[in-house]
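When the chains are written out, they are named A, B, C and D in that same order, and each has its own residue count from 1.
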Amino acid sequence: MALRLPRAGTPQILAFLAILAVNWVVSPQFFDTRFQDGRLFGSLVDVFNRGAPVALLSIGMALVIATRGIDLSVGAVMAICGAVAASLADSHPLPVALGAALGAGLLCGLWNGLLVAVLGIQPIVATLILMVAGRGIAQLITEGRIVTFSDPGLAWFGGGSVLGVPAAVAVVFGMLLLTVALVRGTALGLMIEATGGNARASALAGVGTRAMTLAVYIWCGLCASLAGIVAAADIRGADANNAGLWLELDAVLAVVIGGASLFGGRFSLGLAVLGALIIQAMNTGILLSGFPPEFNLIVKAVVVLAVLLVQSPALVGILPSRQWGRSWRRR
Amino acid sequence: MPTTLPERPLLEVRGLTKSFAGLRALDGVDFTLRAGEIHALLGENGAGKSTLIKVVTGVLSRDAGTVALDGRAIAPRTAGQAAEAGIATVYQEVNLLPNLSVAQNLFLGREPTRFGIVRGGAMRRRAREILKDFGLAIDVAAPLGEYSVAVQHIIAIARAVDLSARVLILDEPTASLDAHEVEVLFAVMRRLASRGIGIVFVTHFLDQVYTICDRITVLRNGRLVGERETASLPRLDLVTMMLGRELSEATHERSHAALDGGSAAYASFTGFGKAAYVAPFDLALHRGEVVGLAGLLGSGRTETARLLFGAERADHGSASVNGRPVRLGSPRDAIRLGFGYCPEERKTDGIVAELTVRENIVLALQARRGFLRPLSRRRQDEIAGRFIRLLDIRPADPERPIGLLSGGNQQKALLARWLATEPELLILDEPTRGIDVGAHAEIIRLIRQLCADGLALLVVSSELDEIVAYADRVVVLRDRAHVATLEGEAVSETAILSAIAATDAVAGRHAA
Amino acid sequence: MNRLLPVLVTTAVFLIGFALCCLQFPNFLSTRVVFNLLTDNAFLGIVAVGMTFVIISGGIDLSVGSVIGFTTVFLALAIQRAGLPPLVAFALVLVVCAAFGAAMGAVIHHLEMPPFIVTLAGMFLARGASFLLSTESIPIDAALYTDLPDAAIRLPGGGRLTVIAMIMLAVFVAGGLLLHVTRFGATVYALGGNRTATALMGVRVGRTTILIYTLSSLLAGLSGIVFSLYTSSGNSLAATGVELDTIAAVVIGGTLLTGGQGFMFGTFIGVLIQGLIATYITFDGTLSSWWTKIATGVLLFAFIAFQQSMVGLAGRRSRRRAAGVAPA
Amino acid sequence: ADLTVGFSQIGSESGWRAAETTVSKAEAKKRNVTLKIADAQQKQENQIKAIRSFIAQGVDAIFLAPVVATGWDSVLKEAKEAKIPVVLLDRDIDPSGKDLYLTAVTSDSVHEGKVAGDWLAKQVGGKPCNVVELQGTVGASVATNRKKGFDTAIASHPNIKLVRSQTGDFTRSKGKEVMESFIKAEGGGSSICAVYAHNDDMMIGAIQAMKEAGLKPGKDVLTVSIDAVPDIFKAMAAGEANATVELTPNMAGPALDAIIDYKANNKTPPKWIQTDSKLFTAADEPMKVYESKKDLGY
């Protein structure tokens, strides 16, 4: 896997660097980074830090998409888990609050997985149910208000740092490593890709396609709950109304920018996270540019199209070295 | 090149070249088709036959070369444009739409309309007429996907024929057909040829070549080897042209190992069956024995295989392995017991197109080991390398997505997938479909070898000669029921044919 | 018959749901409620017709909500500020929308990019464009806008068959015909079945793809016109999130998101089911914001699970067809 | 009077909105009125549906908190035909519909922005001051109006310059993110003299961003925002926020009084019942205000 990355990820890396360069042009102090209160501080750091929730989501989403699924509920799951963590943080010890939040995420993932793998409901509808109801559940937990907390342990996920690296970035990194170890260190990755590539054939080859499907949704729920914790810790409160709102689309976008096909099969976790960073770099750039906000969406659309255009099979086909490997993606 | 006929060629291809990512699939190929002839396009798996067809019909772009139809250069960019120019094609994999009805498939893009409204009734009537020519009396309003590949293949051919083109190209149309349908197809082909239509015919069955083809063009490794009149090319020379070496034709003789009746069965099934799927049957499979399943299309061979493998759950009867009763609830159960199953529809049930050849080969083995015991990359490379060499999978690149391999090579990789699990019972459904003569011989030798090592083997095949060649016992199916068993010296093509044709069966007892 | 099953089940599920609502709220069973269902969901129904084509062809169109929003703002500016007659403005906006859809279709086909992403970018673009046009909501008071929404056939029981409801019904009928009895419709199903195969069968895949997205955006534009009539105004935030409601309606109607299967009538029922859930919740009227969301989700789940199990039960009885090859 | 009133509420997009719902319920209970609340989840079409269904159910009056200013004519005409009085809460609708509702209990969001701007102008006096603005959701009328009011207020003060303005979508996390980038873009924040946020939630996020960047909000950087939610008073008490303009969540109280009076005595209330936009600063005993507000459901 690691060996394949440089070649497969070239367009993404170039896109990321290009956006960073543009940011530097619109805001010359973009790369200024200093050390303050024991953590790194600067616009570039913001890109990583702000990108953390979507990056976390994109890890789980990459796995789900690899099985030909999609999880629209991740934003709502973020809200639920943030609400759980925030409302328990001040009254219970940190492990309880965290455990409950992660447990809630696993439960949500399990629910989605059961609908898709066992009841056979189409992923987009199955997860739409929790997307709608989940935000309601989150609001039910907070009763529609913003539940603030002061527990420093939970707040660490937002403002703390590990060796100067913001805690949220460290969480992303840790989760990425763990997931990569889990899917590439075992045969899970192969089986997930096989399931997404051709579920019928994989089942006949003895792959437990149902278990794979269930597992990816559960993992996606876990990733979403971490994202929810990070988001809640960031503002030291759970905003059930807005936490993770529309982030599911960003997560899907990140995975696709990371080169995955929505028709399942091959996935790369590293590139999905890079995709999330590309999106965030673009958002940060927009904020730094000083354009009026009415332009935000237009800029976003243009950049997204440009980034994907670079990877478009039709255009990439012109470069002989990458011709195969892509032409099979879309049928 | 012999140009005995004075007339201008119908289709003339000159210097056609096509490369894929450093792999030269076609290298300056010339090809000439005359009006009214049936022209065989032959070559090993991966020789470039399908690529030639795709480039000519504009599905793939060409790097160099010209194509002329009736002396006028053409450069179609889509299959549609090629069809408009007069070239109708049946590509190697069935390329129809399972979700549309049979009639819609036949008429897609050229439906009869009145005031822009499709005339469904007229369309279905025409569809029935067209299919009658092919001996197919089916419900044309039913979705195509409800029919077997073989039927689908006939429909694809019927569609191409009905386009009444100048040129008809058939890429391995007979791979999934049995003798009877092949006859029907040949009759149609002769009729078309007599009307002046030029036909390009790709196949790996040399008998068929000699039955129907006027001339032969042979490709090897993307290059033109030569063009000959069929009549002037002895079979052995043809094989040598194709392989670039001689093939010892010692493969088709065998000794029907008369089973010593006493040996206990490895796996036995009693009263095994499923309502509206396959009637209950008894079957015992012994180590070292090859059992053939014979029957017409839709007779229930694939269904039997799927039941034995747990891909479909039986609702009658019991199964036992090594004398112990077992449950066959899913393919996983079967694999755990040491079964393997190479399905007939390689595109939908076999390959995972996007994964590499290596990954496809190790998939079943890995699944059996469980995800917690991954095969190391070294082991994977070693296994993939071994089978690529053993089965001569080309190109010999384990890291190529399998979907980019030629059909025959995909089939070999699937076989490798199951051989890699070192199964005790291997069920092969049409294992040699689309496999070239050289590899065919290899595979049959391999099957023998495996049996000698104690493997129990069940083979479904539409090639009767092939079944006769290696089966020790043949079970004949008709109308989804097992109707006869031939053993030892009783196994012969005529015996099988007469068992199939026996009239005591209730005719037309199709499951609804 | 077999393929009709999901639609039949969905219809049954809707009728049962409606009956249950009537049992709980006696004044549910009135022409007013029934026809409100049509009027209130007219704009959703119209986009859903376009979305049905897109989804059956194996694609998806996330831009429709934004296109509706754009249309309303465009109309408000064209009619109020530029003083164009409404009908001219309608024609103009439909042309703009169709061109937008055609562009998305062309990008999807020629650059081989996934529809999800292209239309997501389209969603950003259309919404962004409406922000650029105006961030304020603008009332439209042209004569047509004050008269048309009130024009309705009044029925006993307080029901009103409004013009916009009639537009929706007409679009459904036209869409159904286009999908089910024309060559274009057959090609749409073919694309959803298998793109490569369709291309190999000589059908002009690119043209059809472009037409499908053109149609979808065009209907989104029409839906925007209806929406602007419905609200007599233009608002850049209008119809946010409608794309998901639309997709849900189509899929609840028995259309497979993987493409190749589905019926226009199913979509109609899907839209009504969505409307029924919303109406039920307002009738109840005691639910807080969060319980509204939870109840919506639970009802959605109930409908889908019920539908799924009925299809599953019935499907188990049908078998693969035995292919008989008759001796020649 | 035992009345049934249907209330088409926008949703629960913010703490303030949740408080309005809670307070409305409490006020209705006080007056023995059955309040049916339909939550529109921020969608105008849902609100129209809800009003139609209220009409179908035959309620005695309808309260409407309109999500946008326009587009109510036809549905309100239906209500009028059904002789159900409508009261607007919290936001006004477009003038063309004036005869379609009984009265509007609203604050004036342009005025709110102006109050905030005036406070800032008074605070800085003649000193040059660079202001950054956190806007509400693009396209939302409140955001547009609060910007308009603020702009008018500072227009006559050339020393006050609006240097950056971005949307924070009315949320804490976006407010924080946008403020972070403002700080970076303005050379570490040293040149920012004041922050104006269209609501308190964004300001609370911005305060966190400033603190994390080593700035001292409330001292180095002046803050003024709108809504007066409890948490901003906590910040004020800690000296991290300077001012907020109250938008009272009790719109239903006056509305209910008007309806009851109308039904019982047939007395037509004035067309506009304006709630006042009171300015709170650190001088107003923020902790006490906090205590009084914290249980209102914000």
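Operating definition for what follows: a contact is a pair of C-beta atoms (placed from the backbone, for glycine too) under 8 Å apart; a residue touches a chain by one contact, two chains touch by 3 or more.
Here's who's who by UniProt: A = ABC transporter permease; B = Sugar ABC transporter ATP-binding protein; C = Sugar ABC transporter permease YjfF.
Bear in mind the structure is a predicted one, so any value in this text is a computation, not a measurement.
When the contacting C-beta pairs are counted for C-D and for A-D, which pair yields the higher total?
Answer to which pair has more contacts is C-D.
Between chain B and chain D, what is the gap in Å from one C-alpha centre to the other?
71
So, what's the distance in Å between the C-alpha centres of chain D and chain C?
Computed value for the inter-centroid distance: 34 Å.
Hey, how far is the Cα centre of chain A (ABC transporter permease) from the one of chain D, in Å?
So the centroids are 33 Å from each other.
Using CA atom averages as chain centres, what separation in Å is found between chain A (ABC transporter permease) and chain C?
Chain centroid spacing, chain A (ABC transporter permease) to chain C, equals 29 Å.
Touching two or more other chains, which residues of chain A (ABC transporter permease) qualify?
Where chain A (ABC transporter permease) meets two or more other chains at a single residue, that happens at 139, 143-144, 293-294, 296.
Which chain D residues touch at least two other chains?
Residues 12, 18, 21, 138 of chain D touch two or more partner chains.
What's the contact topology between the chains, one of line, ring, star, complete, other?
other
Using the touch rule from the top of the page, what pairs of chains touch, sorted by label?
A-B, A-C, A-D, B-C, C-D
Once bound in the complex, which stretches of chain A (ABC transporter permease) touch chain B?
185-188, 190-191, 193-194, 197-198, 200-208, 265-266, 320-325, 327-329
Enumerate the contact residues on chain C facing chain A (ABC transporter permease) in the complex.
62, 107, 110-114, 116-118, 120-122, 124-125, 127-129, 131-132, 135, 194-196, 244, 247-248, 251-252, 256-258, 288-298, 300-301, 304-305, 308, 312
List the residues on chain A (ABC transporter permease) that touch chain C in their complex, please.
That would be residues 72, 119-122, 124-126, 128-140, 143-144, 240, 249, 252-253, 256, 261-262, 293-302, 304-305, 308-309, 312-315, 330-331 of chain A (ABC transporter permease).
Provide the residue numbers of chain B that touch chain A (ABC transporter permease) in the complex, in ascending order.
Going by the criterion above, the answer is residues 19-22, 309, 311, 330-332, 335, 341, 343, 348-355, 359, 362-364, 366-375, 400-401, 403-404, 417.
Which residues of chain B touch chain C in their complex?
Residue positions touching the partner: 59, 78-80, 82-84, 89, 91, 95-100, 104, 108-109, 111, 113, 116-118, 120, 135-139, 142-143, 146-148, 150-151, 159, 180-181, 184, 276-277, 296-298, 480, 508, 510-512.
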